[in-house]
Every structure is written in structure tokens, then in C-alpha cells.
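Both complexes shown next keep chain A, but they swap its partner, so chain B is in the first and chain C is in the second.
Moving on, here comes the complex of A and B:
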């Protein structure tokens, strides 16, 4: 890489754009070609890894005298269960597996750049998909708990004037979830790429700890935490 | 970068599939194991408390039984003491009575024997007196007067008679 004049900046921009671009890995040759993005392929890899590890670690579970691996597994799942139960309550146990799935998926995808993959959450499609699912889950949990009538009515509470805002909230909530996650991961990714382009030695290490690991896990935590919180709110 | 396309639906499908797979392979088994263990622990605690209650009941029963047994034994000992005392008194009384009877019969025997002896003696004395009288009469009839014979007889018989009176 050249480091002089306007052409340097240009090439850096180009490189960044190239890094930021979500490539289409392959195209399914139907309906004039459906492009499958990199994020989807990485998601498949993550799925394979998660399910594979699950199958490996869940084998030979014992009720008595659990091994070290089982204890780690149990305390992790137990922590997640307690965490979500604390927010949405024991009566909403059935949503907990989904929330655990999402936190695992987000946790892995946000730090997968350490392993040389582009994080799928850097693709707006993925965060939007997550947000849409959260939206349906939030509204569904409200309807399931209190019935359609109550759900329709609750838009006009405490006063009917707020109804437009309350209706907007349906969209705003997942939009904020989607954009927060996307913006954080993208921002971290851009900063790390810039740092690596300018000073490739030693300096990126502490930043990598923060942006790749801490921020990634934090965003995963925030995403499911807010989803659970919104569900709880919707059930009131 | 900033475009929504068909990959959104792919991602949704991916997430649903991942959810189902993880639920089946990770969350369900782990949760089941944890619940099973919780159930076992709860069962164990229940059993332990049940066993303790049972033990408490048994202990009370045993204590009651022990107290009953102690009272019973004390009663038995008291009864035995009373009975033994009664028996002792009875035996002593019997022995006294028997001894009295024996003494009485012995006394009676002695009396009877004494009387018999007396009778025998009297008859012997009478015999002796007759013999003596016959002897005197036969010996002194010629030599002495009637007065002497009479005196001698009286003397002999009177001695014998005095003898019995003295006793």
C-alpha cells in the first residue's frame, strides 16, 4: 500500500469499501439467480459449529457426578435461564430457549471476526431479520398473554392521544434494536480495519480486545436483554 | 452494504432452524438434566424429613413404652414385696401355731404319761402295800398284838400316801 498523496487515501477508501461490502458468495440459478450473501454462509458455519458443539457436549450428561464440562455447560445455561426468568418471569419459560439461541448466535457472530470471518451482524439483512423476529416475538407474547382485545386496546393507554406513538413503537423498537446492533458491529469493524491498515503491529491488540470481544458480547447481551424487556413491557 | 434483499429471509429461516436445533440438542437436554437433579434433590430432602419425622414418632413410642415398662416393673416389685411380706408373716404365724400345737401336745403327752405313771405307781404301791400287809400279817401275827400291826400298816400306807401328796 502506498502512503503518499491523495491516491493513498483513495486506495484506503477502496480497501475499506471492499472490506465492508457483503459479497455474494454464490447464486442459486432459479428465478434469474438468487444471490446468497456471505453473511448467510457464515451463519450456516456458525449454526454448524453451535449444533456440533452442542451435540458433542450434551452427550453423556449425568444427573449425578457431572463432569467439569457438564458443570460449565449447566452453569452457563443455568445463568442464562435465571437471567431471562428474572426479566420475563417464570410464566414465560417457553420464550427462554429462543432468547438463549439468539444470545449464543449473536455472541458467536460478533466475535467471529477473530477467526477471520466477516461478522454476519455487519450485514443489515441479518440484524433486520433478528429485529423482525424480535418484533413478532414481542407482539406475540403480548397477545398470547392478554388476548387480542387487550392488545388492541393498550395502544390507547393511558390516553388515546398517544395511540399513534404507541403504534409507531411496534416498528421503532425493533428498528432501534436492528440499528444499534448493526451500527456497533459495523463501527467496530471499520475502526479495526482502519487501525489495521495504518498500524498493523501491536497497537490493534488492545483495541481488538475492546471492539471485537467486549463490544461484540456486550451488544449480544443488550440485544436479548432489550428484547426480553420489551416482551415484559408488552405483557403488562 | 446497506441493502435489504432476499438474504433477510434466508437469515430468518436460518435463525428458526438454529432455534429448533439448539432447543433440541442443547437447551432441552441440559434443562432436563438440571430439572431431574432438582427433582432428585427435592425428593431426597422430602425423604430425609419424612424419615426424621418417623424416627421422632418411633422415639416417642419407645420412650412411652420404656416409661410404661419401668412403672410396670416397679409395680411388680412392690407387689412382690407385699406378697413376700404376707407370705413371711403367714409362714411365721404358721410356724408359731405349729410350735404352740407341738408344745401343747407335748404338754398333754407329758401330762398323760405322768398320769399313767401315777396310776401305775398307785397300783404298784397298792400292790406293795398289800404285799407288805400280807408279809407283816404273816410275820408278826403271832408275835405282836393287833395294835402293832395296825400301826405298822398305817405307817407304811401313810408313807406312800404322803409321798403322792407331796408331789
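Moving on, here comes the complex of A and C:
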């Protein structure tokens, strides 16, 4: 095949940059205009779908003669509960609904590119917000379990020399959570876009299975798993 | 200028070497462990996935830096 020269790569770069941008969909006309990014709108759609499904699924639940739907629901939720209980222990049951919510949101948002939306986790702000929420939860769980005194003291353990590193860890843990999720989703997205731009027919299908479905779900799992693990660590 | 940027991005992506070695060693050890104790497979693969995700993060950082170099240093 003859090489077509620079203009082709140029247009490819343009297209890629366009895909990477997070567009502002519309602006709320207060305080000089608040831009609403695309990731926010896609998040609203995901929220609507998840809330709608939750409402539909919990209707007509019965104690006796449960239907098929209820059995599936109960076994799924039971499995998730057992799974998280295995990580963070029985005494931390109160955090499980939060973790399940996050894994549902991340799972849906990572595979939403299959339906033609841009995944919201491709926006650094979304993953940063999630990571900051995780950070507060991690520290809160430590304080709740052992009290403020122990929380302050644990920075100087086992030797006081490591205190700066321990303090830095508060920030580093969410930073690495945020960057890992963002980088993985962005990387998968870029590779898929490049593939689609070069060979649009048939070839992207197997890659899509890996990058869109497997990698997305794995990263959702890893994010929640690490949050739970850090919480566990913080409570010691 | 463009060439230097490309070289810089290429160097940044060399972080992938570490991730590759790390994941390779982890998977090899996990295979060993499963061969020795097949009943512990569930626990081993859980830990393996976690370890792989952590090791992979370095490669991802390199990728992000490479991407930033290309996009920002035009």
C-alpha cells in the first residue's frame, strides 16, 4: 500500500484529540456560567438507569414464594455482601452499600462506551472525585474504629522517623487510585479509537471484548478492592 | 522539535518494561502456587489480580506521561 503522506496522520491526530477532549455540553447561566461537562451528563444517564433498575427490581418483593427475579437479586446482592465481608470483615458491614454502589457505577461507566457514550471515567475530574471520596472514607473508617488519638498516633508507628511518609500516604493512596483508573480507561479508549480509525471492520471486536469489557470491569473491581483493602489497613 | 518530543514520549513508555517483568514474575509464581496447592486457587488468583493491577499502574503512569508529553509539548 502506498503511504499517503502527512495529511492522513494529521487528521488521525485531530480526531484523537477531539475524542480525548471532554466537551462542555451546556452552560448553567448562574454565577457567570457553570459549564456542564459531557462526563456529568453521562453520569446522570447512568444514575437514571441504575436508580430506575433499582426501583423496578425492588417492587413486589415477597417473603413467601419469591419470584425468579427476587431470587436472582437476592443471590447477587448476597454474593456481593459476602465478597466484601471477606475483605473488610463483619464488623464493617456499614461500608458495604457504599462499596457496592461504587462498583456498580464504575462497572457501568467503564463499559458504557459499548453503547456509544464516552465513558465518564475517561475524565480525570471524575476519577479524582471518586478517589477523594475514597480518601475520606479510608481516614474516617480508621478514626471511627480506633478514635482520633490512635489515628494521630499511628503516623509515628513503628518508628517516628517514618511519620512524613505516613502523612504523605494519605494523599498518595487516592492519587494512585485515581491515576490508575483514569490511565487504564483512557489507554483502552485511545487504543480502541486508533483501531477503529485504522481498521473499522471486524478486527476491533475481539479487542473490544478485552479493552471495553474485561479491562473496564477489572478496573472497577480493583478500585473498590483497593479502597476496601486500604480501609482494612487503616483500621489496624 | 517533533523528533525530540517523540523520543521523550518513547522513553516515558519504557516504564512498561518494569510492569512486564513484574507481572511476568507474579504470574509465574502464581502458576507455581496453584500447581502445588490447587485448592487455594481462588485466593491465589484474587491476590494475583491485585498484584497485577498494582504492577500495571507503573506502566499506566508512563503511558500518561507519554501522552501528556505529546499533547502538551506541541
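Things worth noting here:
Criterion: the second predicted complex is superposed on the first by the 233 of 236 C-alpha atoms of A that agree within 3 Å, B and C clash if a C-alpha of one lies under 4 Å from a C-alpha of the other, contacts with A are read in each partner's own complex, and residues count from 1 in each chain.
We take it that a contact is a pair of C-beta atoms (placed from the backbone, for glycine too) under 8 Å apart; a residue touches a chain by one contact, two chains touch by 3 or more.
From a predicted model like this one, the values you see are computed outputs, not experimental measurements.
When both complexes are superposed on chain A, chain B and chain C fit side by side without a clash. For the superposed model, the angle subtended at the Cα centre of chain A by chain B and chain C works out to 110 degrees in steps of 10.
Of the two partner chains placed by superposition, only chain B is touched by A:58; chain C is not. When the two complexes are superposed, the chain touching more residues of chain A, out of chain B and chain C, is B. Residue contacts after overlaying the shared chain place A:77 against chain B, while chain C stays out of touching range. When the shared chain is aligned, no partner comes close enough to touch A:148: not chain B, not chain C. By the document's definition of touching, of the two partners only chain B reaches A:35; chain C does not.
Closest contact between chain B and chain C, by C-alpha atoms in the overlaid model: 9 Å.
Common to the chain B and chain C interfaces on chain A are residues 20. Touching chain B in their complex are the following residues of chain A: 20-22, 34-37, 39-40, 43-44, 46-47, 50-51, 54-55, 57-58, 61-64, 66, 70, 73-74, 77-78, 81, 96-98, 100-102, 104-105, 120, 123-126, 128-130, 132-133. Of all residues in chain C, those touching chain A in their complex are 49-50, 53, 56-57, 60-61, 63-64, 67, 71. Only residues 1-12, 14-15, 17-19, 21-23, 25-31, 33-34, 36-37, 40 of chain B touch chain A when the two sit together in their complex. Interface residues of chain A facing chain C in the complex, by the touch rule stated above, are 17, 20, 176, 179-180, 182-184, 186-187, 190, 218-219, 221-222, 225-226, 229.
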